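Take this structure, written in structure tokens, and hold onto it; I'll ask about it next.
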Amino acid sequence: MSKIAIYPGSFDPVTNGHVDIIERALKIFDHIIIAVAKHPHKEPFFTLEERLEMLTDSLKKLKRVKVDSLDGLLINYVNKQKAHVIIRGVRAMTDFEYEFQMALMNRKLDDKIETVFLMPNEIYSYVSSSVIKEIASYGGNINGLVPDIVRNKINAKLNKNASSK
Amino acid sequence: MSKIAIYPGSFDPVTNGHVDIIERALKIFDHIIIAVAKHPHKEPFFTLEERLEMLTDSLKKLKRVKVDSLDGLLINYVNKQKAHVIIRGVRAMTDFEYEFQMALMNRKLDDKIETVFLMPNEIYSYVSSSVIKEIASYGGNINGLVPDIVRNKINAKLNKNASSK
Amino acid sequence: MSKIAIYPGSFDPVTNGHVDIIERALKIFDHIIIAVAKHPHKEPFFTLEERLEMLTDSLKKLKRVKVDSLDGLLINYVNKQKAHVIIRGVRAMTDFEYEFQMALMNRKLDDKIETVFLMPNEIYSYVSSSVIKEIASYGGNINGLVPDIVRNKINAKLNKNASSK
Amino acid sequence: MSKIAIYPGSFDPVTNGHVDIIERALKIFDHIIIAVAKHPHKEPFFTLEERLEMLTDSLKKLKRVKVDSLDGLLINYVNKQKAHVIIRGVRAMTDFEYEFQMALMNRKLDDKIETVFLMPNEIYSYVSSSVIKEIASYGGNINGLVPDIVRNKINAKLNKNASSK
Amino acid sequence: MSKIAIYPGSFDPVTNGHVDIIERALKIFDHIIIAVAKHPHKEPFFTLEERLEMLTDSLKKLKRVKVDSLDGLLINYVNKQKAHVIIRGVRAMTDFEYEFQMALMNRKLDDKIETVFLMPNEIYSYVSSSVIKEIASYGGNINGLVPDIVRNKINAKLNKNASSK
Amino acid sequence: MSKIAIYPGSFDPVTNGHVDIIERALKIFDHIIIAVAKHPHKEPFFTLEERLEMLTDSLKKLKRVKVDSLDGLLINYVNKQKAHVIIRGVRAMTDFEYEFQMALMNRKLDDKIETVFLMPNEIYSYVSSSVIKEIASYGGNINGLVPDIVRNKINAKLNKNASSK
């Protein structure tokens, strides 16, 4: 049977930690759909279009991966894609507790769908989208932590914000 | 001696996890006062009146329970009620650490008052007011997770918000 | 209604942290029974008789407290005592997770019985029976961390062990 | 491609929590091999033969599952089976931290092999092999927590131990 | 060699827990620079000037301590001061995980700089700037938890806010 | 002032994670004394002499480091060495909670002594003496995780044990 897994998130922006999880997941699943939340909890730094573009560019060498946007309930999206697996990367114990709650809730909403947890390489254990944006906003070097397109986009956006002030 | 315990919170809205804690506490204490924070940390989804109404309706079958609003310092409220016990439900380890800090601070403010921690049924370990609102906002099914009145109020409010856009 | 609570443990030996929990629990419950496990998981340092004696002496000023030994399933003991509350002290998050599992298992075995968690004074957050024994075995000063009778019994036992070598 | 996953453990004895993980994993993988550690860290309660027999009986209705014994390095076993996925069930945060370390170590030993973490049903969050043995040894009721064959074997073994004393 | 350590934070406001960490750090380092973040993550309650003034007053009896403001990347500031150590106080496990990530990221940005973690006195384990502000806003007593100047400034500010409404 | 720090442990055996902590500590302290516990909690795999020899060899390129054995209370040893700082490496949250308790106890025993926590490189986050011994006992490759002398000693010891069976 062909296995499809959904990797949901806000990807604001995608980091090398996300890419690492996707590459690991490709060893287990036949197809992976990256589902980018249209309306994340917090006001995003990048528009949905920018987030999709950066993901598409960062993953262009990977076959069997599709980038899509997600509006509405994750469980409904998973079913519409005829998938039954959700992928989540976990770096730390506090991450994990929140992820656990969401996974139990998703199982309550639809018990045919499973969440699997994968670990990124330990060198990404301190890399999150929000830390990346903070470091970059102070002019810190984010080489090696995000795909090249992300580094360029963040710096362009930060310069534009600075010059428009 | 007659034992009164205070169960404080924002109850925005009350969930079946809260009701479960109250039913357990009634096995231990003679009277329980639900103290609904007038001004929670975050802007509430429901007004104080709505939150009080939903609690009153959800708990109407339980004797020995009173619903009240709380303005000001919890410790002062507990004393005014001639109670000396605060009840807190804990579902998870990260919950617990925050609860621990608040309980130690309350003890510092008044060392005659004790905080007791109770566990909800494990089937509510993933149920929190904020998850409930998120699921409902995407049209997810919250049957069995909140009292009926809450489900109706959330859906009415969400529809009104949607149609007013 | 008269409230009885059971405080189970190995108390090998009782510490001032245990005494602190018992004093707090007396503000909430009418009667407390200290249930000393006859056969703890690990080979005890003190015999059951010694552990009972030290507890009885340490708690002699507290009314409404009884010291007893526990053999067999805790839930059966609680029922036999016509109690329906178990008390557990929690000092730290890792404690808490284990306590959570045991409390859920006890609830599964008998859902009329509740476990309540209490916090000791923060000055006892680093005091456990095993740390006390370790410190004493190296000649460290345990004044203020255990009742006087415990300090004397530990030192007597350690000296006897040393001289018999 | 056909996906094989290895589920290693000591299974001393298998619980319904383990069976739940296996059933969930079967929704994701084509074949699952249960690898029973010949020499667990602690002296086992059941012999390897007993543990294998209980697993085989408990899983007899599940197709695509094989029960085997494991001697030596897990990573070597995974490779010998031409698998590249290790399954671990995680119930709690403290579990998780240990599992994380082992998974990183296994990845260091062979970076082609991934560990995936699955969550059991929350009703098994308090069920572990050691708790089961403890409850049973005091005559507690373990119905619904372990497969029937395990309940019978534990009770037989405990009665035999008791009568031989 | 003369050892300089940087203690960064928002200090909104400084608490006795912060002062305790600084006094402990003075036993280890020759000079300590308190680096007050100009632009903390959240809108501060006190202006930068107020935060600097309260720190300077609270630490006036301590020699070898300097109070400064921090704008931009912490690592750049540390280098400019010819320091190579960052001090962080940790009170609780959830604190610690966030601190760990930041320390790893700072090491990635400059691996000559080390972060050392110190523990405050356990009586400050529940004292944080945000809890202090919350307690004070409800008229709670914060004596002994913050330096005198902080208590006066908070109350003055809260009264002014109240009278201007 | 010249700063001496004590790094205590059982070092059974020393790993590259320990060496990494020592190298980091040398950036902060003038002298470091490695204090090897004569009688660790568990029966050691290597004798005290072997543990001292492996440490001495592994650290021979580092100046300002001394290897010594520790018998009795750590606090007494620290005072005898005229030091006032204890170094502990922390890799994970559960480590940290235990370390916290020990540090508070040591502070209670002598409040002039501080414990500082350092983080190893994240690539050692899964490396502990016990995992190393387990991997090696199954013939796993521990290159890069321990100093060369440790790898040779472990393998020699394991072969000797195997051939003597």
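A, B, C, D, E and F are the chain letters, set down in written order, and residue numbers restart from 1 in every chain.
To be clear about the criterion, contacts are C-beta pairs under 8 Å (C-beta built on N, C-alpha and C of every residue); 3 or more make two chains touch, one makes a residue touch a chain.
Everything numeric in this text was worked out from a predicted model, so none of it was measured.
S.K.: Touching both chain D and chain E, which chains are there?
M.R.: Output, common partners of chain D and chain E: A, B, C, F.
S.K.: Tell me the angle, as a multiple of 5 degrees, of the rotation that maps chain A onto chain D over the C-alpha atoms.
M.R.: With C-alpha atoms aligned, the rotation comes to 180 degrees.
S.K.: If you take the mean of the Cα atoms for each chain, which one ends up farthest from chain C?
M.R.: When every chain centre is compared against chain C, the largest gap points to A.
S.K.: With contacts defined as at the top, give the pair, B-C or A-B, that has more of them.
M.R.: B-C
S.K.: Call it same or different for chain A and chain E: same when shared residue numbers make up over half of all numbers used at their interface.
M.R.: Comparing the two copies, chain A and chain E contact each other through largely different residue numbers, since under half are shared.
S.K.: Using CA atom averages as chain centres, what separation in Å is found between chain A and chain F?
M.R.: Each chain's C-alpha centroid was found; their separation is 39 Å.
S.K.: Between chain D and chain F, what is the gap in Å from one C-alpha centre to the other?
M.R.: Whole-Å distance between the two chain centres: 33.
S.K.: Using the touch definition from the top, which residues of chain C touch two or more other chains?
M.R.: 93-94, 97, 100, 104, 122, 125-126 - these are the residues of chain C that touch more than one other chain.
S.K.: Pull out all the chain pairs that touch, please.
M.R.: Between chains, contact exists in these pairs: A-B, A-D, A-E, A-F, B-C, B-D, B-E, C-D, C-E, C-F, D-F, E-F.
S.K.: Could you pull out which chain B residues touch chain D in their complex?
M.R.: For this pair, the touching residues of chain B are 93, 122-123, 125-126.
S.K.: Can you name the residues of chain B that touch chain E in the complex?
M.R.: Checking each residue of chain B against chain E gives 72-73, 75-76, 94, 97-98, 100-102, 104-105, 108-109.
S.K.: Would you tell me which residues of chain E are touching chain F in their complex?
M.R.: 1, 3, 24, 27-28, 30, 84-85, 90, 93, 96-97, 100, 103-104, 107, 112, 114-119, 122
S.K.: Which part of chain F faces chain D closely enough to touch in the complex?
M.R.: 92-94, 125-128, 131, 135, 138-141, 145
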